[in-house]
Structure formats: C-alpha cells, structure tokens
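The following pair of complexes shares a single chain, chain A, combined with chain B in the former and chain C in the latter.
Now for the complex of A and B:
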C-alpha cells in the first residue's frame, strides 16, 4: 500500500484558488511563492512477521521529516517541505520491489528503507533502474554496498564490520573473565541476514580460540525451540551466538531460560529482539543477555532529547527509530547541499557527504562505495533490567557481567 | 545420531508441542465435520484468543490457566455470534460462500489486530510456568506439561460431551445427515453455530496453554494453522480421534525431524508423512471410507 502524508495538496489548492482570486482582483500573481515539496519514500515492512520493526522505522523517518519541516524545510530549495510517501514491503521481496515502482511513479527524490537485508537487496536494485538515491536505514548484509550500485548509501555498518567488532568485544569480555569461553553454538535465522552473519561468525570465532561446535539454522516463523534447546544442552557450549529477528530471538531466549540451559553467555549480533521491551517484559530471561548492535551515542544531548520525545509517546526508542531518523536527516543534508531534488545531483551530494549533525557514535560521514566508513556499533548487556553499553570502553556505561550466574 | 536420552526427550517434546496442535486441529475438524467447510479464519481467531489471554494477564493480572474458562467461553460466544451474524447469514446455504466469508473474516481480523494492537510482539511472564518438571532423565518446562495434560483433559471432556449430551448427539446427527436431523426437529442452524462456537472455544483453550511459552503478534496464529490443516487431513477430515492422533503424530514427527535433519530441513518430515498418508490412505488415518 502506498500513501502520502502531508498538507501539501490542500495548501496547493488553496494557493491556486488564492492566485486565481488575486488575478481576478488585479493584484500581482502569487503563484510560485511556495517551493515544490520534495517527496521521500519511507519503505518499511509495517505488516507481516517483522511489522513492529517496520513500524518503528517508519516512525523514525516521519519524526525526522516533521522536524525538518517544522524548522523551515530545505532552505537552499526555498524552504521546500519534505513529504513522506509511505510504502509497506509486507516483509516480502516482490512486494518491496512493487512499492519501489510505485514510489518512482509518485516522483520520490529518494527512498529510505527497509529493514530486511533480502528485501533491501532487491529494492535497492529496483531503485537503481531509475537512479533513485536509496539510504538504507536497517539492512545488514555486506552485499548491499558491494554490488557497485551508485544510488545506495548506508550510514550504519554492515554485518561484516559488526561481526568483526563483535568478535573483538567478545574476546575482550572473555579475556577479562579469564577466557572461560572456549566453545560456541551459533543459532541463526535462515534468510540473508542470519545466514550471512552466522557464516562470518563461524569463520571468525576460531580466531579468538572459541571452537564452533554447531551452526543451527531455523525458519521464520519457528513455533518451537525445544529441540534446539535440547541440542544446545547436549553440545554444552560455553557461549551461544544468535542472529535472529525479533519473534524468534525472544522465543529462543525464553525456551533456553525455561529449559535451564546453562551458558557462560548468550551473545547476539544485531539481535532483532534485544531492546528495552524485551528487558522489561521478560526481565528474568533478558538479564545478562548480550548483543552487539547499533546504538546511539549515549552522552549526545540530541539523542537524549529524542529518546525522551519518543518515550513520551509510549513508544520504545529502538534502533529502527533512530537509524531511520538519521537516514532521513542524511538525505535532508544532501538536499540542502545539492540545492535540488534532481536524482543525479542528490546522489553526488550523498556520495560527498561529510554530515556530522547526527547522534550516532560515527563522526562525520564518509562514503566509500555507498558504505559510511565511520559506522560503529556497541556491545550491550541487560543488567538489572536496563540496557547498558559494555563495549567499546569509551562509550561503556557499565562493566560486562561474564560469565553469567548459573541457574540454581 | 543423537543418544537415546536425546531421542526420548525429542519424542516427549514432540508430544507436548502436539498437544496444542491437537486442540487447534480439533476445532478445525469439528467445524469441517459439521459444516463441511474449511475455516480459513482459524489462525486469525487463534491470534485473537491469544491477545485476549495476553490482555487478561497484562491488564487484570489473570493467570493464563485461570483465564482458560473465560477465554474459551468468550471464544465460544464470539464463534456463535460470528456464525449467526456473519458466516451463516451471508453464506446463503452455499459452502463456497462460507469459504470466502471465512477468508474475508481472516483478512479483516488480521488487519484490525494490526491497527489496534500494532505489529509488536507481546509475551507474558508466568513465573510458575517457567519451572522445570523432572521425569526420570527428562526435564520438561511446567508450561509444556500443563499444556499436554490440559489438552488431553479438554479433548476427553469434549468427546464425552459429544457422546452423551443431547446437544452433542444433535451435532453428530447434523454431521451425519443434516436433512434427516432437520426432519426430526433439530435446529440445524443452531447446531451449526454451536459447532462453530465450540471450534473457536478450542482455540481459546489452546491460546491459554500457548501463551506462557509463546508470543502473540497479529501474524502469530498463522504459524499454527498450516499445521492444523495438515493434522486434520492426516487424521481424517472431520474425525475427532483423527485430530487427536494426527496432532500428536505431527508433533513427534516435527520434533524428531528437527533432531535428525536439523531445525530447517526437519520440517520436511511433516510433508513426507502427509504425502505418504495421502498415497496409502487418502481418507486419513481415521477418516471414513466413502
């Protein structure tokens, strides 16, 4: 479903009516006083099995658009306002591609989206046909920015860098605990995101002297993780590495807790279900779980202000919200510098971006083949019901608890 | 090859998972047996019942097991009203209309749920259900043991009620020969609505047993519906004992398939069993030969 949001159509009608009236009264024409709005496609899976994450992404994108419009729009374009063109991928590749076609017909200047790597791969390709600049908010696969598509930009790091950094974090945390973790089992979902991440993990873990005892793949949705728990118990790994979307992440964690599977740690990379809600709803299950994921710079006042604003609406400040928010802001900065919504000029402006007005721990942007080079995630842990940053040290708000206490 | 203990645990886990499949399938097969239609709204109604369980717990602190009579009763009332007000009314006596109506209901319910509850995943934390129960070498989560025992008890009670009560006898009469039942004075439309209501009440019970160890989101009911369809065909369309045996069989096949072939490839076991039954006994394990 494709919908537009904003008061532009009615305002234009009013202006047109006003101009006609002024003409009739012999007054000077006022048409052209208002700059044309710039349409931005917000493409997310707001229905289907990752609907929550999609809705969070859409919320972040819309918040950025509302904020930019409230601050006077794109100044270099005469105060042009941004107008959201909303698209729903339904978590399906073919639907996502169809939505890009519709967005192209709707005349979007750029697209922000769209959460799942598999859908991002297809939709960025579809957007490339029309040269539409595409800012990937969430979508972890390294393939997204290594296919030579000139229209694709990603602010956050891909799973290659995330796994490398996660491995460093795990090694650091494990080293601090006297290297108690010597073996691991990897459980991952079966699409591009989980499979790609698991492959990298299986490749890197032996490098820090952690033997990978088994890699277990599961579908989305999975009804039951009892057997996976059974298998993990029999393999007796020290750590469990996870890479799954929200529902399966929560179900797996809960099953392992119910079955009292003792592990030194559960460590996910870009864990889809690791958020404040998980920590609040299932505190016993979530306690001491670790995740390497995107995180805002905790001391940045803008991040704190936005967190407050989002939480005041009863919504959680999850990574989908602030990554989509910053992706829209990245495009707005490029529009400001390009002074035009022309796709080629906008793509060039994005490619040369040195935008620093974000609240991620990244520094100014620098894109190489569409991938921002400064992007960095953080190791997080649920401690006493809250989420704390435990790595890297310069952003850490707490010390990691590892190994976690055994079940009584 | 996994050890004997692991295989044994896999079978027990499969039986525990199968108990919920049984309840979902019993509802489906009852509706099919009496109304001769496949209820496409089954997954969506299961999801609604799961939300009811969730809200009773989250807003009123009602334990999901204590909520079972309320949720099952509410589900029965919803099913009865849905049949009387929507399914039966707009079907005009045509089975193909009923199929389309239940499909339409499913779409409406799913989207309403998305609108009202958002796509967020909801879970409930029932501390006593998290404890483990020890059976010899096996450790089972209490939630699974309760689900298994409760599903068996509900099926036994339902079977007894169908065999002994007047309404149960009327349902069986309508299932067998609706014209004849009408001729002897049975209110067939009422029986249809009651049967639909009981089918949905089974979903209410399943929802209460599922929630302590599962989650609910607007799409979560569908995860169980394909399994329930397979169970019903495997056991025999419209057969009560078939749904019982089929549900447990599917649970065990799924579990052992996962253990032996891996979580993803293990699902192939269900399809293989399904194809084998269709080849060797097309009416299902307990289906009547025509």
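Now for the complex of A and C:
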C-alpha cells in the first residue's frame, strides 16, 4: 500500500507544487490578460430624422471608450477593457426599447444614450427593469430625472434649468444693450423637448419684460418655413426664440435670412442645429445667431485637445460628441471606484460620484435624483464664422453682439 | 374546416403557447411580441381594408384614440389599466363608427375614402398636440410600476401571452367574418358595392359597422402599446407610420384573408430582424429591408397567402 501510495503521493505533491508555482508566477499575467471586458451600450438614433446627431453621439462615446482602453482600461478591475455594444433607436420608441433588451442580453454594464427625450423616457424605463445604469448624454426633458428611477443619471442640465439660465442670459445681454428687446415670438418643434421648453419660455419671458406675441409650433419633419417666416414678419417681434431639432432649426434660420426678416436677435434654447456645421455651412445665416446650449469650457486644455482630435477626422465638434464622450467617462470613473461591473455597485458609485475630470463648465458632479446639480449650459453666438461663449462672464470668450445689424 | 387544417391550427396554437419557453432570450421574446402586436393591428386594418375593401390610410386614428383614452383614464384619472382597456376599445370603435358614418354617408369610396381617413388621423394628431388634457406635445407618461395588476410585466413573456390572446381574438373575428352573413355582405360590398345594394344589402350600415369593429380592435391595440412602452405623444399615437405598418402587414400577408396579417407580420418581422442583424453599416439594413418589401409587393400582388394558395392548387392539380 505504502509503495503504491508513495509514488502517487509524491506525484500529487509535484503536481500541486507545480500548480502553486505556476499560480504564483503566472496568475497576475493571466488575470491581467483575462480581465473580462466591460460592455457599454451606446444607444443613439443613427438612422431616422435625427441621424446626424445620433451618429455624432455614437462617435463621442466610441472615442471615450478608445481613449480609456488606450490608457490601460479600468485599473481597479485588472485593466478591464471597455467594449461598445452599438444600438440604433431609429428615432423610434419601440426600436429603442428593443435595443435595450438586446443590450441586456449582451450583458452591458451600463447604457449611454439616446438623444430624443421621448425615446430616453421609454428606454430608461426599459433599462430600469434590469437595473442597468443609464447615463443620459442628450435628452433634455425634466421628466427624465423626476420619475424616481434609480438607474438614470444625467450630467448636463435639463430644459427647466436651461430655460431659467437662458432667461437670465438674455436679460443680461438685453440689459447691456439698453433693453432693446421688448417682444418675442417663440417657434418650437412639437415633441416633448420643444413643447416643454416653449411652455417654460412663454412663462418666464414676461418676467424680464419681454412680451410673447405668439407661440408657433411645427412638426418633425417640416420641410418649408415660408409661412412661419411670413407670420413672424407680420408680428414684428424684437427677438425670435427657437427650440428645434437640427434640420428644422437650420431651415427656419435660412428661411428667415432669405426673407430678410429683421430681428434684434435670434435666440434658441438647446437649438438642435446650432453647431460648427451650421456656422461653417451657412456662415451668412448663422452670423450673430445666439443659442443657450451645452458647451465645453473653452479654456479647458482637454476640451481643446479633443476638439482638435475630432476635427482632425473631418468631423465637427458638436455637443452630441462631447456629451456622449463625457457620459462614457462618467461611467468609467464609476467603474473605477466600484471596482466592479455589478449593476448595483455601479449605480451606487454613480449616485455618489464627485467626478471632476471632465471638460464641461460644471465642477465636480453631484447627483440628486440622477440629475447633476452643477450642470450648466452657456450662451453662445456665431461671430465671424466661429462659435463664441458670450455668457456667463467667467467662461466668455467674446462679447455678445446685440442687437444684430439690420439687413442692408 | 378540414381535419388537416384543424390539426395544423392546433399544432400552431401549441407552438405559439410554448414559444416563450424555447426562445433564447428576452430580446427574442420582445421581437415575438412586436410581431404578434403588428399582426393584431394588421388584422384590425384587414377587417375594413381587406374584408370590406375599404382601404384606409389613416387607421392609426383608432389606435391613437384607444391609446389616449386608456392612458388618460389610467394616468390622469387613476383608473386601473385593465378596466381602462375596454374603454379604449369603445373609444376606438366610436371613432370608427363616426368616421365611417360621415365618410360613407358622403358617398366617399376608394382613394377618396383612403385620403379622408388620412386627414382624420392628421386632425386627431393636431388636436392631441394642442389640447390640454392630452398634455399636447409633452405626451403622457405612465408611471413604471411592474405589476400584473397594473398591466405592466417584468417578464416580457406575459406581454407575449397578452399579445397572443389579442391575435387569437382577432383571428376568431376574421374567421367569423369569413363564415357569417355579415362577412358575406362585406365581401359583396368589396366586390361590387352597387350590385350589393341592388341585392338588398344595407351598404351604409354594413360598412359603418365594419369600421366600428375595426376601430375597436385598433383602439384595444393602443392600450397594449401604451402599457408596454409607458409613454405616448401625438406623433407616436397618430403618426402615419403605424397606419402604413398596419396596411403593409395585411398586403404582404394577403388582404381579405384570415391569416394574411399574421403571415405578413411574421415575414416582415423576420426580414426586419435579419436585415438589422446582417448589416452593421449605418442605415444599410433599412435599405435592404425596403428592397425586399418592394420585391414582395411586386412579385406577390395577392400576398404570401396567395402564393401558398397557388402552390397548394398546383400540387392539388398534379395529385389529381
């Protein structure tokens, strides 16, 4: 028995010793190489009527993932790489919800998305069913963060805060020009985003002594604004307040320019078309237009570096790009602190986030009911073909031109 | 119904009941739910457009009316959604009867009727966009509270079974229409309205009633949608896209047949999923989907059911 057992025991000891040695020497390398990738769902409308904005959002999210991976992944998780799971909402609620189901099956740790408020409302609820943390990159409705969903986080402000701040900015700019603006017409798109924003604007403008002469609603898509422009001309407002998605924003601005409708200013709140593309493609139309929108801190070197990087690819540095980029980075920071892709831990890490390594003019994050309290937009104006921050003063890169020059 | 057809039907029913148990993921169950839902709405269109030949381009008006009716009752007035559901069907049916009575009394037929239904849908969309009680463009959000008593389910399999029940009910209605006196009247109207009138059929009554049944079905579909996605707005509820979807599944499957909308919805669902899965390039899936649709419509004017029927007839001819 002993003779039989001896060699076996000895062989076992050798095997055990070998395994221990291999474990001691090889384990760190193996675990480093085998750290499971963390999947992040990037959900955007890359087809449909807001496809440009969706594609820009996807680009921003992917750039953040590439950057994080190039810098060694999530260190607290053994250098786990981030892996994008791409989804296309097609700008439809049903498709967006189906994509969330698909992402859940793919095992995503979190989702970033998804531009339109209506689709965000539905997809965040679908994600809530599985407890998937959801960072809203673009999606302005205040309802998004007031429904008590624990899985929803939004870095940027909602339209309620944006309207309040935009009104302050307009009052400041108007005051500086001797209160030339006394009346306004509001033109907005007809979904949750435009309607909600317009309603708040109509409530707040009389408070700064600007009379609202009319609120004009339009559908998505609208392919002709001739009648709207004629109506605006007949109402003779000093200021036109706009709240629209990309295509309608640009078309309305172009129609007003073509019909030479004189206004002291055109001021949009979260204007979907106010971006470098607009300023570059239609410089005459865009010149002196103003927008209160999400914007990077222009003095932040990280923002400038990323702007260069994006522009080097032939793409414009629009707000969708850097909001999605920062939303992914917010999740990466939470993953780093949670040390795990566990949904509950990640949600808790996001809720307690004090992340400051972004390039937005927000300060460290502080979430209350999923809404970042420091989120602040900025008043922008196209001046000499470029977009300048004209309010608040601490981030301003130029002084507002208001009222704008009349058509000659 | 032949013994073979009964056996096939029983096997199909068992397979449909077992499907959520064998599907590999919740995503797949969700796709199945959407296919069944599409089949149900297609059948609602088929009752008026297929059986009675009253082609409508604006059937979404009934869907949207139902969706708003139950959502307002539930989200604004606190009704239980299960109780609000029959009200949605009633509202959809009432709008169907109303539009039918107005349009048919005015003698509108064919493309004129189709355009009027489109106009009604657009009017309802604008009204929903403007009215306070629908919250205009803000839409209405239903609070997420996943309990069966609340017509919200954590497990999508339950939505599947509700959708399956809707499809079964719609098939029963279509089957009854095929066999009933009323269905025969509708078929006569579809083939030749003047001849039907000459035979003593009350054409106005039959067509209006048919619109009422069709509207009630689509209205019930509106509640299902609202409870599944928990949010509606005027574009979702009254957008032209849903009308096209209803029409398309019927035409692809075979308008005026009992199983046409179901076959069409399954075919379109598979094509849609396949093109999405096969192509990751932005938008390419939609292009391929469109090309396949055009090909089906061009090659199969009487739908897939027509193709199956022709093949069966050829086989029967050979056997004989």
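Some observations on this one:
Quick note on the criterion: the second predicted complex is superposed on the first by the 375 of 408 C-alpha atoms of A that agree within 3 Å, B and C clash if a C-alpha of one lies under 4 Å from a C-alpha of the other, contacts with A are read in each partner's own complex, and residues count from 1 in each chain.
Definition applied: a contact is a pair of C-beta atoms (placed from the backbone, for glycine too) under 8 Å apart; a residue touches a chain by one contact, two chains touch by 3 or more.
Quantities reported herein were computed from a predicted structural model and do not represent experimental measurements.
Following the overlay on chain A, a clash is recorded for the pair chain B and chain C. In the superposed pair of complexes, A:284 makes contact with chain B only, with no contact to chain C. Of the two partner chains placed by the overlay, only chain C lies in contact with A:129; chain B stays clear of it. Of the two partner chains, chain B is the only one that A:251 touches; chain C does not reach it. Of the two partner chains, chain C is the only one touched by A:121; chain B is not.
Of the two partner chains placed around the shared chain by superposition, neither chain B nor chain C is touched by A:243.
Once the two complexes are laid over each other on the shared chain, residue contacts for A:268 go to neither chain B nor chain C.
Residue contacts after overlaying the shared chain place A:51 against chain B and chain C alike.
Look at A:234: by the touch rule set out above, it reaches chain B but stays clear of chain C. In the superposition on chain A, A:93 makes contact with chain C only, not with chain B.
Only one segment of chain B in 97-105, 169-177 or 205-213 runs into chain C in the superposed model, and that segment is 97-105.
When the two complexes are laid over each other on chain A, chain A has residues 46-47, 51, 55, 190, 217, 219 in contact with both chain B and chain C. Against chain B, the residues of chain A that register as touching in their complex are 46-52, 54-55, 190, 216-219, 221-224, 226-228, 230-231, 234, 246-247, 250-251, 254-255, 257-260, 273, 277, 281-285. If you check the complex, the residues on chain C that touch chain A are 25-27, 30-31, 34, 129, 136-139, 141, 143-144, 146, 154, 156, 228-231, 233-236, 280, 282-283, 286. Touching chain C in their complex are the following residues of chain A: 46-47, 51, 55, 86, 88, 90, 93-94, 97-98, 101-102, 104-105, 118, 121-122, 125, 128-129, 143, 147, 149, 189-192, 194-196, 199, 217, 219-220. Chain contact summary for the complex, chain B toward chain A: residues 2-3, 6, 9-10, 13, 16-17, 111, 114, 118-123, 125, 127, 130, 132, 139, 141, 143-144, 213-215, 217-220, 223-224, 227, 254-255, 258-259, 262-264, 266-267.
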